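Take a look at the following structure, please.
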Amino acid sequence: MKYTYHIFTFIFLLIGSLLWSRTVEICKSCAVKTIKEGVAQAFDFDTLLIKKGTYKEFNIRVDKPLVLLGEDYPVIDGEDKGEIITIVSDGVTIDGLFIINVGTSYTADYAAIRVVESENFLIQNVVLEKLFFGIYLEKSNNGRVYHNKIIGDAIDEYNSGNGIQLWYSKNVTVERNIVQHVRDGIYLEFSDNITIYNNTSSNNLRYGLHFMFSNDDVYTDNVFENNGAGVAVMFSKKIKMRGNSFKKNWGTASFGMLLKEINDAEINGNTFEENTVGINIEGSNRIEYKNNNFVNNGWAIKVRGACYTNSFVNNNFLYNSFDISYNSKLNDNKFEQNYWSGYTGYDLDKNGIGDVPYRPVKLFSYIVNRTPETIVLLRSLFMDIIDFSERVSPIFTPDNLLDASPLMKPLR
Amino acid sequence: MFKILKYSFYDLIRSRWSYVYFLFYLALGFVLLFLNNDLSKAVITFMNVIIVLVPLIGTIFGVMYFYNSKEFTELLLAQPLKRSSIFLGQYLGVAGSLTLSLVLGLGIPFVLYGLFRSEAIWNFSLLLVTGTFLTLIFTALSFNIALSNENKIMGFGYAVLLWLFLAVIYDGLFLLSLIIFEEYPLDSFSLATTMFNPIDLSRTLILLKLDISALLGYTGAVFKQFFGTNLGLIIAIGVLLLWAVLPIFHLVYRSRKKDF
Amino acid sequence: MIEIQGLHKKFGKNQVLSGVDLTIKGGGIFAVLGPNGSGKTTLIKSILGMVVPNKGRISVLDTDIKNSWKYREEIDYLPQIANFPGNLKVKELIRMIKDLRRKPGNEERMIDQFGLDPFLDKKLSTLSGGTKQKVNILLTFMFDGPLKILDEPTTGLDPASLICLKELILEGKQKGKTILITSHIMQFVEEMADEIVYLLEGKIYFKGSIDELKTKTGQTNFEHAIADISIHAADV
């Protein structure tokens, strides 16, 4: 009986503490004036309601499951002194804060919000400006980064950080974030089973999205625009890339997407528009490219060798300066039933498929690879004549590289 | 000058050849649009056609008109008119009617296919601007050729050679020299070489619009400056203007010394 | 009216005019004669400014014609080969020339005289050589300038039109105009010309009236007199 009583007392206390989890108000005229104070005074599962105002604080260490909720976007100004919020407890929520002036350092990666070895976190509706690193997840799993806006002012790669960085983290969802003017918009290293959905990453110095040694990740419906070099997927396996849009990545080493040592990936329904190179592929095997649109790129696809058993099916290649460029005479990749705007063949049996094969590699792309200045001769009648003769009897381009069933109409 | 322009133009728009030229473009426009049913693609196809065909037609037509109107010219020379206005008038008459044929011949099918509701309108305007420049330039060049050659056959020969050289051979030599000297920095050279050929210049204008993504893939700083900013556009149009104006000056200069 | 001093003209290696000095005072009909290739047409075209001389000075109505075009308002020129822009109608051509010269013309009477009425709405390319020449004459005589230059005006004309032409020329003379004619029809020249200018090898070989020419050569027949000049010149 006494034993049962004890259990009841315990359960009541537990429920009580959950039900009666308090809200601690923080403001200039409140009892609690700083966030640090608030965190120190709060009990587990409390909510810190941070009212409108400017809080000059840094190194805020959240070590218990709390909700930090901002009201009308209070400003937390780190005054360039270091890291601002560090989460070291499971179950922390950060919501509605405006964080500025993260310290820059060459030895420590200061972040606006860092999550260290914690689970079930939620970071949402946060605005970050004047930052070094933005949201940094370190060995933290099962969390969500939702609807944040990260606007950096990065000028040089060596002293700037990434917008959202995941390091050894698993099962995290990154959704509806806007990341601009940082080094890498979103960076993943050793992070598996990540979902990146509906984000916009633009005007970043290096990559809009960057994968290193990360497997089984999915990114869908994101927009990557005007980044130094688009999206880089390197040394990773089984990545699914769907419905993303890669735009206006212009420059010498620029591309919509860079694939390097990628195997068994799936690239479906993406749009590559106005990039110097749509996709740059190096050492990547067994990748399925389907239903993608390549529009107005310099090179839709540049194959740099060691790429085997990839398949390109049902893609639209529209008005690219060059459709495909190869640097070897070998081809082990399959091109089938794509639409090529450069195709000039005919369809006598009216089955929607051209009667003569299309050769997407022009001799001219070889010449340009060799002597880049020759690019000024693009669209010259002379080049057209040479390309035509190469098409009739391929000498420099792989003779089995062709789409034997080119479509007559673009796919919708 | 404007009176001569008026009469030359009047004479030309009633000549069979203007109609042939006009109908040719009209037919080409409709056929291509019918086959593609896609304005953007048709505009791109046309750009490739225009930079080769317009110079050819401009030269041939210019030379032909000049020789055929020899007596008319002599009639005018005996009138109280300045020589320069006679030739400028005739030149503008020919160039004007060719341009009109081009603009109407291409414009009508494109407008009927919904140009004004399409994004291709800028590309199309560029197409017409380029076509107009090429007409002005090559008509002026052909007038110069015709003025310096009494012999019709020679004049025609030179005109066709000029076209062949600028449209094809020049680029061949250009490519060859780029490949031979590929170890050297060539970006300034290649841009300069482009300037000396009006067809290449017009091509550059088109590249700036259609292939900017590819052009920016090249490392050279001069290229970047040229293609990456508005500088390229301004220089290309400026030099094209120069290409149109210089032959006209030469024409006026030569015509002053010429005996009829 | 016309003053030419030391006129030289070379076409390539071919010296056509070598030092022509010629003064034509106003009034009367002057025939410029000479064998083929003697430089008649070149001389006329030099006066018109169509040929640019290598050396020498020409003034018409007391103005130096070099780099000038205004003086041509006073000259009505009938070219040797009448080939007009084929796409124009006769009516339009007449209107055009009037427009270019900015002068009214009295073409109606001549249209009647030459019977050009049915051709007014025809394109020039469809006309016969004779009709074209009539149009040519009409274009020259419809203006009232003080100086007329006619290069082979009789080419292709039927007798009736020839009579009309002669009347027009004489009428002009009566009005005190200066008329310069080249022709190969000696009968026509004899009938019309007050004075002969004979060109030979790029120089004025003879200038004077028909009677003076006859006296000089000792021939009674004009045609023979002309032929005689040529032979004598060849002897020299």
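First chain written, first letter: the chains are A, B and C, and each begins at residue 1.
Here, a contact is a pair of C-beta atoms (placed from the backbone, for glycine too) under 8 Å apart; a residue touches a chain by one contact, two chains touch by 3 or more.
All figures in this text were calculated on a predicted structure; none of them were measured in a lab.
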item: Distance-maximising chain from chain C - centres being C-alpha averages; value: A
item: Chain whose Cα mean lies nearest the overall Cα mean; value: B
item: Distance from the mean Cα position of chain C to that of chain B, given in whole angstrom; value: 42
item: Cα-centroid distance, chain A relative to chain C, in whole angstrom; value: 89
item: Cα-centroid distance, chain A relative to chain B, in whole angstrom; value: 47
item: Sites on chain B at which at least two other chains make contact; value: none
item: Sites on chain C touched by chain B in the complex; value: 9, 11, 45, 48-52, 69-73, 75, 77, 79, 81-85, 87-88, 96-97, 99-101
item: In the complex with chain A, residue positions of chain B that touch it; value: 40-41, 44, 47-48, 51-52, 167-169, 171-172, 174-175, 178-179, 182, 186-187, 189-191, 194, 200, 203-204, 206-207, 210-220, 223
item: Residues on chain B engaged by chain C in the complex (per definition of touch); value: 3-4, 7, 10-12, 14-15, 69-72, 74-83, 256-260
item: Parts of chain A lying in touch with chain B, wherever the complex brings them together; value: 250-252, 254, 274-277, 296-299, 319, 321-322, 341, 367, 370-385
